[in-house]
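Order as written gives the chain letters A, B and C; numbering starts at 1 within each chain.
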Amino acid sequence: MSESFTRVELLRRGAATGLFLTIPTSLLAACGGDGIEGEGGTTAASTQVSRELKDQLTISNWPLYIDIDEDTKERPTLQQFTEETGVRVRYIEDVNDNDEWFGKNRAALAGGNAIDRDITVLTDWMAGRMVRLNYVQELDKSAIPNASNLVESLRSPSFDPSRDFSMPWQSGLTGIGYDVERAGEITSIGQLLDDPKLKGKVTFLSEMPDTMGLVMQLDGADPSTVDEAAFQKAIDRLQAGVDSGQIRQFTGNDYSGLLANGDVWACAAWSGDMVQLQLDNPNLRFVIPDEGGMIWTDNMLIPTGGDVFTASTFMNFVYDPAVAAQIAAYVNYICPVIGAKEEAAKIDAELAENPLIFPDDETLSKVKIFDAEAADNEDLKSKFQAVVGA
Amino acid sequence: MTSYAATPARVRSLPRAWAFVRRHLLTVYAALALLYLMLPIGVVVLFSFNDPVGRFNYTWEGFTLDHWLNPFGVPGIQESITTSLEIAALASLTATTLGTLIALALVRYAFRGRGATNIFIFLPMTTPEVVLGASLLTLFLNLGVSTGFWTIFIAHVMFNISFVVVTVRARIVGFDRHLEEAAMDLGANEWTTFWRVTLPLIAPGIVAGALIAFALSVDDFVITNFNAGATVTFPLYVWGAARIGVPPQVNVIGTAIFAVAVILMLANVLLQRRKEHA
Amino acid sequence: MAFVHRHKGLVPYLLLLPGLGFLALFFVVPAYYLAHTSLQTGSLDAGYAFTWAWENYTDAISTYHEQLTRSLVYAGIATAIALAVSYPLAYWIAFRGGRWKTLFLLIVIAPFFVTYLIRTLAWQNILSDNGPVVEVLRAIGVLDDGERLLATSTAVVAGITYNFLPFMALPLYASLEQIDERLIEAAEDLYASRLQAFLRVTLPLSLPGVVAGTLLTFIPAAGDFVNAELLGTPREAMIGNVIQSKFLVITDYGQAAALSFVLMAAILALVLAYTRALGADRLAEAR
């Protein structure tokens, strides 16, 4: 669906927003800026941040997280950005796991060095760590007038209360992905942990907040304010699942392949992934467990050494509702941009009505955000890591 | 086994029959072992021609040459290959130079510390990769060096030197020093002798060492993963791609690397043979 | 050149200097930093400091002795299987390979030329729950319906065996190939039984190859984590998985470094015990 849609969308969007975007970005910035870092009065010499676009923008992101034309393997959104700004985009899908990404890049970041990335996309708690450790740069808000399109609920996360360092890329839900033909109907994480029929056919996520959030809710605990005893109880349940062989593995995105070839029948999974997988295999389902699911947000950050102005300009670009709708339509995660739903409805009414992409209040009432501090607590992390096996 | 039921007259030939069966058994066993070694390679090659439905290349869906005609048709794969080849070229060149010098010293000269050097050279080869990678990372972390292209290069030279030394040394050991002496008798000085006589004679060893270093470099995942920072080599690309389903293009590249390596190895062997026969 | 002529004794050292210098900088010095790190404590926020934290070692051993033992056991089994598979193979190539010897040898080292990760992923596909191997094993009753191969210890050991088998086969072949066939023929005449001849002559003569092969297989196998990661479950996690995750996932550098040394010490102890058991002096003789 995404293929034909993106083409139509490409043409349509070009007409509607082309004008807006062909206005030199610096001019836009001057209009939209609220004066904090605006150009008025200041000269290039007195500003630390360059106001010129670089030739190339390098972005690190998770796999399958931006629209792509399946035939040409080109990425329409990025092509448009290049057409409109002249900035080439080097887009690298090298974030497979928050911790792993951090561990690999820490040597450079800790030394205060650049890591050859202008934007990197990390989940809330890791974004918080990056901000806390001062490994990121402040956004050039004057270049992001579209920031006003950010949905209300995401405007002041605890780790970055006024969004000085981060802009959400996508949000997503964590729930259960399963193959209905093989596993039958599944409604609870309890089935994944205890149903003998699923023995050895279950995976959980190696991302601690996702897995622990789901298992904690099974015991009625609230993962948004983690209590050590409840956490421990959930750890014990998981450990029992590992020891008995019920749980096969802890995975990143790789559960998708296991589900697709039948090695895994039910797993903790991410909403957008499952919507994408359903296109190839209608037996695959995504459900928010009865006891509750999780919601999280991945954020764009500008790591040390990244070009602030060019990166901010890109952020502004993807906060255009039409562009945001185009990305959401492909990745099928929750779009954080006001107006994207209306844009999406113009091309595909069904898309705009999908509660996994534009969630209604009922869906949102069933999910929780994991305790930000607990998510990056070393003791809790090592406890979880011990269950995962390393 | 039927030979047990043979007539007494044939009993004398029993040992020979036994030998035949045994020789057969050994051959069958060897054939099975070779098959086992080739099996996953066959799967890799086969699935490079697969035409998968959806993004998972797990089940055979039909033959296509598409991926071979368009091996870089997946975003990111070309950049990773280029990075890998650049690092491999630089690292194997450096390691081969350093390693050949060491091999020459070890074989041609008797000096204090030769035994110790021999043992020392063996150490990197007998240290688990995870420890080699980790210890280099601690060096870079403690010195505040950013990991990336050049730290991968350093790591690859480090683990390749020993392999080059071992390969080149094996070649120099079997080499006839009388040829050099003859050259010197004919009036060539040491330098000329080295360039005109020694080097051409040990060249196949050096080439073999360089090939091994290149192959190990292109292949390395564990040590690279520790010291790569934001740089993505081909194995690191595969590691990431495995999360979302490895595209058939990876099989294409894997097969191509395999084919090139085998051809170069064969060529080296054949060249050597021709020279020896000549 | 004049300098070199006057100080001929210096030549080997000059030849060694660049290479050994490089190894000193990037093999020896890192070992020092690894040791230094293994006694550090700290966290991302507080920073890491050297505190003579010997508890890193005791904690590491008490928490991860299971993974450590498992690594050594898996590596041991894989080495034994690799020996069992490669010895007859190497023997056959050395004595029966004929003019195709080089080709067969090439097949033995062929796996090395397929990217490590790609060949391990191929095994993942081959051993998959609905794959051909499992189906055949189910059909002949080796596996029960619910049983599987992938994500079991069998798969992990099989993967390790496959990936390191060339390390075993090559040295075996090298030592077998050097044996003069007339020697074996003479032994067969002398001992009357081929088995006797093999045990008394061929095997001892190939012992250096056996030792080199087992070491070159066992050591990398004990530190491997890719096979356990791709073909196993948390119950098959090896010490390599712990070390890499402590370094790269939870940035607990102190314990990760300590574990690296524990692994090295365990390997060294086993290797020494092994070579002693085989008799280093006998090895020297065999040469």
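Keep in mind that, in the parts below, contacts are C-beta pairs under 8 Å (C-beta built on N, C-alpha and C of every residue); 3 or more make two chains touch, one makes a residue touch a chain.
Keep in mind the model is a prediction, meaning the values are calculated, not measured.
Among the inter-chain contacts, the highest number of C-beta pairs connects B-C. With chains reduced to the mean position of their C-alpha atoms, the one farthest from chain C is A. Centroid to centroid, with C-alpha atoms defining each point, chain A and chain C lie 40 Å apart.
Chain B and chain C have centres, each the mean of its CA atoms, that are 16 Å apart.
Among the residues of chain C, those touching two or more other chains are numbered 128, 244, 247-248. Touching of two or more other chains is recorded for residues 58, 137, 141, 225, 239, 242 of chain B.
For chain A, the set of residues that touch two or more other chains comprises 104, 106, 261. Considering their complex, residues 97, 99-100, 102-104, 106, 129, 132-133, 199-200, 242-243, 245, 247-250, 261-263, 378, 381-382, 385-390 of chain A touch chain C.
Those residues of chain C that touch chain A in the shared complex are 43-45, 63, 67, 128-130, 146, 148, 150-151, 233-237, 241-242, 244-252.
Contact residues of chain B toward chain A in the complex are 53-56, 58-59, 73-76, 79, 137, 140-141, 144-148, 225, 228-232, 236, 239-245. Taken together, the chain C residues at the contact with chain B in this complex read 1, 9, 11-13, 15-16, 18-20, 22-23, 26-27, 29-31, 33-34, 36-37, 85-86, 88-89, 91-93, 96, 102, 104, 106-119, 121-123, 125-126, 128, 162, 165, 194, 215-216, 219-220, 222-226, 230, 240, 243-244, 247-248, 253, 256-257, 260, 263-264, 267. Remark: chain B residues 19, 22-23, 26-27, 29-30, 33-34, 36-41, 43-44, 47, 58, 97-99, 101-102, 104-105, 108-109, 111, 114, 117, 120, 123-132, 134-139, 141-142, 154-155, 157-158, 161, 165, 191, 215, 218-222, 225-226, 234-235, 238-239, 242, 246, 250-251, 254-255, 257-258, 261-262, 265-266, 269 touch chain C in the complex.
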